[in-house]
Amino acid sequence: MATATLVLTRVRIRGRIGLVLRVALVLAALALVAYPLLYGGDVWAQRISRAAIYAIIGLSINTLTGHAGQISLGHQAFVGIGAFFAAFTASRLGAPLGFGLAAAALAGTVTALLVGMVALRVTGLYLALVTLAFGLTAETTIFNWREFTGGGAGAFAPRPALVETDFAYAVLCLGVLALVLYADWRLVSTKAGRALAAVRNDEDIAATLGVNVTGYKLGAFCLSGLIAGLAGGLFAYWNQVVQALDFEFQVALVWVLMTVVGGLRSRLGVVIASSFFALLPLTLPNFLSGLPWQPPFLNEAVYHVLPPFIVVVMLLVVLRFFPGGLGQLLAPVTGPATRGSKGARR
Amino acid sequence: MGAFFALGLFQGAVYGLLAVGIVLVYKAKRVFNFAQGEFGGVAAFCAFYLTVSLGLPYWIGVVGGLAAAVAMGLAVERVIVRPLESSSRTIMLVALVGVALFAIAVTVLVARPIPRVMPPIVEGGTVDILGAAILPQQLILLAVLAVLAAAMAWFFRTDLGLAVLASSQDLRAAQVVGIGPTAVSRLVWGMAALLGGVAGLLYAPVGIFTPGFMTFTMLVPAFAAAVLGGMTSLPGAFIGGLAIGVVQNLGIYLLGQQLAVPGAAELSVFALLVLVLLIRPQGLFGKEA
Amino acid sequence: MKRTGRQLLKVEGLGLRFGGLQVLDDLSLTVGEGRIVGLIGPNGAGKTSCFNCLTGVYRPQQGRVFFDGREVSRLPTHRRARLGMARTWQNLGVIESLTVTENVMLAQHQRTGYSALAGLLGLAGTWGRERELRRDADEIIDYFGLADVADERVGELPYGVRKTCDMAMALASDPKLLLLDEPASGLSPEEALGLADTLRELRDRLRLTILMIEHHVPLVAEVCDHVYVLDFGRLLTEGGPEEIQRHPEVITAYLGGSHGTA
């Protein structure tokens, strides 16, 4: 009895510390975003939008690869199709932004569903290969289809008056990110999250527990495609022009890397790593060329090709020493928080 | 039509060469080597540097390029593959994708992203085969392939070669021959890198090349070739490469030129890959799983 | 409690081949409602394959499976589970990356009472339902004495605890038929006999029907109403536990057979 009481007390304390930690984390994150957003001007507002869009893409890959265990190396297809649909509705149909984003999300969902149907038969490494080839094909075929995408010049997506300023647009992107984070949180806390964990680990066990493996796999593809399409739509209005070049082969690979660096199934890790990957190419060259001392053989041109190099070095270091990604490093902070919520069950 | 067929065969030979390297690694390690293309990329850039920038004789460029590729293969084996041996296949796959991007980033950093023209091994006008203008370079490619095929056929009959092949099925079989698993692993990656390097050196002079050219244009068709060949058959992978080359060029002719579909080359390879995986996942030469 | 003698599970002429290997050959058996039936036989006799055919993990080439009065031969695995078939696995059907509580809640999948989409959107009903499910899970966890490790990841727990968790999961789905694959393996002889009481209690309290694969003969003799003996994928014989133990062919198959026993 005494031990039981002791255990319960420990659980309760852990739960309370967890709650405090979590609230502190959220406040710190908000402050981190709010400061540059309020005082950084348009430049930082644009950067924050980009970081939020990357974070949404990272969460989309996390849904598929992290939760459902399906590798996708062709995510630029889902994001790109969303972007082109948004641009198409905006410039050709003159549709409002909400409609454009909905169209983008739907287009991403349908595309992902088609790939998901192939994934029912083709699994593991072979699926990685098929998605890679699919992304490449989408890039060269669909995104270069002149009537739809405007060819090389790209498709335009003018922002409507309401979110015309960079500040308002950043708020919109952060709002969508918050929604996606909420959905991800509910996903892992309810039946779908548990079912996907089972599907990821062993499909036979999952099915024997009553989980419709086919349905959940397709569902994961649809959800991932929906989130990716939404991110594509946001990208279209952010950049205000969409080109096939924006969705190259290499981009999709970098997205997968950033998600893995963040740590599969770690919401916070994925968001941090994605934002970092989004901002590095924008901020690093300026930062380095602004330093008082310039190393002899380095110059502005070199600074611009450094980011992908840094990104890959980060990936290799993370995989080698922290296979769980950033999420693994964050676990001492977030761990008690998540455990606390389960511990406070009595 | 005939011209596209002939072009396809020549291009397919390079796919096949890469595919054989991919299959070699897959048989031994059960991983998809997404860095296979960059062995060729690194070899091409080194050869370019030695011959064009430094003005050294061509053969030094070739030897230097191949040495660089093999060094990269051994480094990948030591730094990435072996430490990650026990992690999941997703992690290994992502790491190898990272290696490819790393190699590209390094070439961009060192060599700048400008297109280059590699001088062919032999200068001279084109030869007409089935209505296609074939460069002497491409005929040399055929000669190199014949030599490689003979060398590999011989190698896989030696004790060492048998040990490499056995390692995928049974580690103990390799140990019986007196070769440890580490040595076999090194050998496999070194050979795969060598094959990739040869592919890069043969392909670079055909057109212009930029950083990442092997990964962005050759890797997916090479994988499709390996899958078509059944993922475990070395000759199958090469024949798969030829088939992919032909299908791709027929696709360019029928879809691209006749119907003006953009991206016909990628589309036809993708369609073939999906069809094979759905209808005959064990490939043309693979054993049923 | 009702003992109608109704057949809950009926298998007719099951035949399963892998390539040239005949794993199951014309296997027929029935399990009456409320009974505890044993399935025994030497290693490689096809017992686990039989379970896989019953649950739909394998698709046999011949034969039909009837469950709870309807033919389920063509139903996918998850549909059979929803009709009330639950099983444990020889190498454990737990999800190692989830906690014990999460595993048990996973096993409640089919009776969550809300759709996956509703959960994702966080609709009003789902929060309360999740709390109820957690309460039910806690009850099951307490019953099996797993409360101390409820929030630990299953992968970090010792084998015996994982095995108990597997059993808890099978019950959490509220099944009619429980298929147990070697429930006593890894247990000490005393624990194995203790299992007999647990199984009888489960049958009586939850009105369960149990079909179990087991090598531990004292447990089978103690708890089973009826025993089927499999050898080389064929039914060697069947009968009451005492009868089986005296059967000459069973003794040969186990002791003098060409293939070893576990």
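We call the chains A, B and C, going by the order they appear; numbering starts again at 1 in every chain.
Here is the rule we go by: a contact is a pair of C-beta atoms (placed from the backbone, for glycine too) under 8 Å apart; a residue touches a chain by one contact, two chains touch by 3 or more.
None of the values given here were measured: they were computed from a predicted structure.
Chemist: Starting at chain B, find the fewest moves between touching chains needed to arrive at chain C.
Modeler: 2
Chemist: Can you name the chain that lies farthest from chain C, using the mean of each chain's Cα atoms as its centre?
Modeler: B
Chemist: Is the C-beta contact count larger for A-B or for A-C?
Modeler: Higher contact count goes to A-B.
Chemist: Which whole number of Å gives the spacing of the CA centres of chain B and chain C?
Modeler: Between these chains, centre-to-centre, one finds 50 Å.
Chemist: How far is the middle of chain A from the middle of chain B, if each middle is the mean of its Cα atoms, in Å?
Modeler: 32
Chemist: Just how far, in Å, is the C-alpha centre of chain C from the one of chain A?
Modeler: Going by mean C-alpha positions, chain A sits 41 Å from chain C.
Chemist: For a test of understanding, state which residues of chain A touch chain C in their complex under the given definition.
Modeler: On the chain A side, the touching residues are 7, 11, 182-183, 186-187, 189-192, 194-195, 197-198, 201-202, 204-213, 216, 219, 223, 339, 342-343, 345-346.
Chemist: Where on chain C does chain A make contact in their complex?
Modeler: 55-57, 76-78, 81-82, 86-87, 89, 93, 95-99, 101-102, 105-107, 109-110, 112, 114, 116, 119-122, 126, 130, 134, 138, 148, 150-151, 169, 173
Chemist: Please output the residues of chain B touching chain A within their complex, sorted ascending.
Modeler: Interface residues on chain B, with respect to chain A: 31-32, 79-80, 83-84, 87, 89-91, 93-95, 97-102, 104-106, 108-109, 112-113, 212, 216, 220, 223-224, 227, 261-267, 269-270, 273-274, 277-278, 281.
Chemist: If you look only at chain A, which of its residues touch chain B in the complex?
Modeler: Those residues of chain A that touch chain B are 65, 69, 71, 73, 118, 121-122, 124-126, 128-130, 132-134, 136-137, 139-141, 144-146, 249-250, 253-254, 256-257, 260, 301-302, 305-306, 308-309, 311-313, 315-316, 319-320, 323.
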